[in-house]
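Alright, structures below, take your time with them.
Shared between the two complexes below is chain A, which has chain B as its partner in the first and chain C in the second.
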Partner chain A sequence: MSLKTALMAFGLGAATLAAAPLAQPAHAADAGVLHIFNWTDYTAPDLLKKFTAETGIKVTLDTYDSNETLLAKLKAGTTGYDLVIVSDDFVKIFVSQNLLEKVDASTMSNFGNLEPRWKTRFWDPTAEYTVPWQWGTTSFTYDTKVYPQPVDSLGTLFKPPAVFKGQVGMFGSPSEVINLALLYLGYPPCDTDPAHLKETLALLQAQKPFVKLYNSDGIIDRLTAGEVTMSEQWSGDAMRARQAKASLHYVYAKEGGAGWMDNLAIPVGAPDVDNAKKFINFMMDPQNAAIESNFAGYQNGVAGSNKYLLPAMATAPEFNPPADYKIVFSPGCDAKATKDFDRIWTLIRK
Partner chain B sequence: MLNKRSAYWLILPAVLVIGIFGAIPLLISLVYSFMSANPYGGVQAPMTFGAYVQMLYDQDFDGSLIFMPDYFWIAFRSLYLALATTILSLLVGFPVAWYIVCQSPTRRKILLTLVSLPFWINTLIRTYCWILILRDEGLANKLFGWLGFISHPLPLLYNQGSVLLGLVYTFLPFMVLPIYATLERLDPRLIEASYDLYANRYQLFRRVIWPLTKPGIAAGTVLVFAPALGSFLQPDLLGGGKQLLIGSLIEMQFTSSRNWPFGAALSMLVTFAVILSLAWQRWRSKRAARAQAA
Partner chain C sequence: MPENLATKLTATPSPDGRSRIATIVLLLPAFLVFLGLFVAPLSFFFVQSFWKASIFSIVPGFYLDNYIEVFTQYSGPLLRTLDIAFLVATVTTILGFLFAYAVRFSLGSLGNVLLLTALTTLFGGYLVKIYAWLTILGVDGILNSALIRLGLIRQPLQILLYNTGAVVVTLTHYLLPLAILPIYGALREVDETELAAARDMGASGGRAMRDIVLPQIRPALLASFGLCFLLAAGDYVTPALVGSPGRAMFGNFIQEQFSLRMNTPEGAAMSFTLIAASLALLCVVGFVINRVFRAR
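The block that comes next holds the complex of A and B.
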């Protein structure tokens, strides 16, 4: 969820801060123009050009910076958008608030192209509302030059060996840090069991002397500069970091890793549902999904897209987790879990 | 001559600006602080004092209400850092302002432009630049290493010192400019007169310059203290987010914690602290004026 927030802060921090308006509202629906509303820097320009060339449908793009922004906009009423991108843990919320149009992706001609595991996802069990846009895993990266031993557990991140004292970077978002800690301890994401949460708090407090900073931005830079020698990281970033510094290694831990996925959906009241559906079908084409992956740098859910990926990306270990790797998606934390996470997040930094 | 009615019309723009950009947002914050949190951000009914209670008593994981002094400590740390920022800015800012005043008018203009030049660049970017300077492989450590002072990089970043440095750097111009404004109006003949009356340098400063520049110092103090108290960029970026300040705590409530009422209540606390310091400032200057008149 806060992955994109972080990317935005890094890439466009200045612009977002200086220019207050978060996104331009779409213009009143002009016929034959598809209005897409997506995270900033998250839509391949070539993709839109290709869609226009193939279908004759023009596309405009507006951007936002967080799921909360999107939720607020859609709740406020008709926005004029035909397509939006919603993170996995927010799909449930959007559906429960009747903000998404049924698209019945399973009846589309390209639906068969989706990887079997992504055809349906627990936040959209019948692919009624969404199809995958981009996804990735969250684990951690360490420098094998600093610690030349094989690592197969999240324990190395949360109970680091002495060599990492003051050298560890953790994300700056409570849900991503705490859910990974819960995973290490063997508990489900967004757990609200008081005993489990106390254990998690103790784990993170004991980890703190090893932590150099809590921040989700600029991790690639810090790892390659040797500023931190171990860091929580997303798969796509881990690949880019390793390409810059070969001794960096992204760990597929035996406890598993956290997963995230952004999903393409049509908001209720979209002016041009038919064309929006065309775009959804278009996105399930391997070549088109690869164009988006090559631009945004994350995995897509379409089988056979690998052969269209940039070579360095198609074979990257960060993009190809072991077949038995446990990927745990967050169900989206309820108010109680959010409150508990806030408490942990405050107490470790008080 | 202006009659009363046209005078009202003339101050209308100022009233509107203050109302729209000052009073209304403040009022909204005040109302929000008495509402309940919407789980997806924002606020909802019913009205409650919950946010203010949370400042001292918070729910533990099992739902029981326990005394939580941690918010108090975070507020105290912020207060202490804001005060340190103000004092350091004054110590650095006063000599700078004095130096500028002593220059020729052309050089003054250039120097003043230099002082306000940082405002042309976004604070976020400037704070990021400090990361590049202070980090292990940064400019400062490279320079010290090259000069042979150190063999290992110094831990300059991600501690309270780097936060303080960032705060002083960001808010220093707010101290220099008002002090400069008062120093510029200072009659140089008064300085000559005090020397004629055998004042030494210390007495000159303490009995003549300091009292006459007090309004500028007071303005600078408030202009530095108030934003320093609420800042969250410097602790998050230069402090590595390891120690919360009240500004970062507020930011957190409006983002990941989705607890807008508590964020609004904390903002009210900061606003109250600033108003209090302004009132104190005013009371002191009034007392000084009375003492002078007597």
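The block that comes next holds the complex of A and C.
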């Protein structure tokens, strides 16, 4: 074979290989398939089986680890996903960037099952774009064997007793750490008042000698192993940690706690909007919502779902905040607050 | 010689010319891949470092804000990162040299087994190695358990993990095989008869190493040091998993700009600052190695 022929063959082969991935989209539109993109370990397998059994629609599930990953993926163009789960403080960002289809949940047959307080949410006042998936609180857990006194304040987390020196775990997310500190100090989330931020920075720097690490992953393992004896934590994770180690206690502080809600939404360009809407309606059924709560460990916002919960879940303190507990949802920080939070985050870890 | 024949002869490409064309043609695909997958993205990335980000959207333009931010806000983590990377690279290069030297000149057939063992660890995943050290150094870890069983301590030591020392140990373990390879390759080229001759002439082992071995393997030492330094300086997973909360490395801040903030411009500015600082430091190290280990 001559050099010329060999090179032509090489070029043709390379071009074919290079073009092959372009010949098909990420997910071809499939009438009988629903493509869901959700957080890792956050979708009950039994729920998907039940949906397939009832509707005949197969479900594929891909996972991500942050709202930012989801945002980047959707901004990059058509992903082939029919359903995504977006956190409350990101919904406005997704909507403003025209990344979500209107779902008009209020017209769906099961919409009436939503608890009245969740029918309108400030991040989606008319339920045009989203429907509740799971919601919970953020506070902290401590080991009662290490510190046997009762605790009712975020002050224990931010100004820890000496026994917690080098024993505290905090989240790896600037907004979750700083907003909880702002709540303790009595300021609103995403506050940009320089005096308030200075006070917050001082609080977090004073806390630093007590902090073992800033990391949102592996908290349950670290608490149960005793690597940390107090940690910022989400309510559902706190319940799972307590089930593994009975001496752990999730605190409902007098200052209140941060609230969050993950929401079902349909991305723009979804191949099968009809199937996605069927799933959204399916999720507003109390029995189905309970299956997800039993798996993930968080509240679901659907009235009447509690009677389908596992007994251990229904009575879990982490699942049932006190009636007078103040839950503060973040509106989603603007550019200035984000920059200010970044500065604080850098300074406490320099 | 007839004119047309002369023209034909001069027009015919010489074998040299033909082979040069063939070489260029054969190198072209690799060059295009390099251009398309390395130079082009990096150039675009550099241009982007002068843009601005605002709430998950990017504003093109020419702003120096990102670089100003890097030097005003992140100079501490940058210097600390270079410091840690320098320490890791130094320790790894020294250990790599000692290991490679022992394998090449002292251990005979056992050396080959040890070399194979060291290189086999390259097949283990990077994360696996980090988690291995978490398992060794953790509160319930192997080291604490052993110390308690031996009666040397009563309570598990908390200081083994989540500090700069743990980062250095973990990175050194991960990078050691990469340091051994180039040094061992260079040591294979060192003639043992030269060492024997030096000893016959009364040179001590240390003197022979300094005057004969080290000058010959300077490029390999620099390659090992450079590789380990650059990998350590850019790493963010190790400090995130085993590092100190108040002493994050520069890579952690870069990673956050991309994954938490989607602030590509600032992340790019930080990346290029790290590249520039690393290359500057490597030039200094290269100069020092060439001066200290030059042939005498």
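Here is the rule we use: the second predicted complex is superposed on the first by the 324 of 350 C-alpha atoms of A that agree within 3 Å, B and C clash if a C-alpha of one lies under 4 Å from a C-alpha of the other, contacts with A are read in each partner's own complex, and residues count from 1 in each chain.
Everything below uses one rule, namely that a residue touches a chain if its C-beta (ideal position, glycine included) is under 8 Å from a C-beta of that chain, and two chains touch if they have at least 3 such contacts.
Just so you know, these numbers come straight off a predicted model, no measurement behind them.
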item	value
Fit or clash between chain C and chain B when superposed on chain A	clash
Contacts of A:Phe282 with chain B and chain C, given as first, second, both or neither	neither
Partner chain in contact with A:Lys198 - chain B first, chain C second, else both or neither	first
Partner chain(s) touched by A:Asp340 [first = chain B, second = chain C, both, neither]	first
Partner chain(s) touched by A:Ala225 [first = chain B, second = chain C, both, neither]	both
Residues of chain A at both interfaces, chain B in one complex, chain C in the other	14, 66, 68, 71-72, 93, 166, 172-174, 208, 211-215, 225-227, 334-335, 338, 342-343, 345-346, 349-350
Residues of chain A defined as touching chain C within the complex	3, 7, 10-11, 14, 66, 68-69, 71-72, 75, 93, 97, 166-167, 170, 172-174, 208, 211-215, 225-227, 334-335, 338, 342-343, 345-346, 348-350
Chain B residues touching chain A - in the complex, by the definition given at the top	37, 39-42, 58-62, 70-71, 73-74, 122-125, 128, 131, 135-137, 155, 158, 236-237, 240-244, 249, 252, 255-259
Residue numbers on chain C that touch chain A, as the complex places them	22, 25-26, 29, 54-57, 73-74, 76-77, 138-140, 158, 161-162, 240-241, 243-248, 252-253, 256, 259-262
Footprint of chain B on chain A - complex, ascending	2, 5, 13-14, 17-18, 66, 68, 71-72, 93, 166, 172-175, 192, 194, 197-198, 208, 211-215, 218, 225-227, 334-335, 338-343, 345-347, 349-350
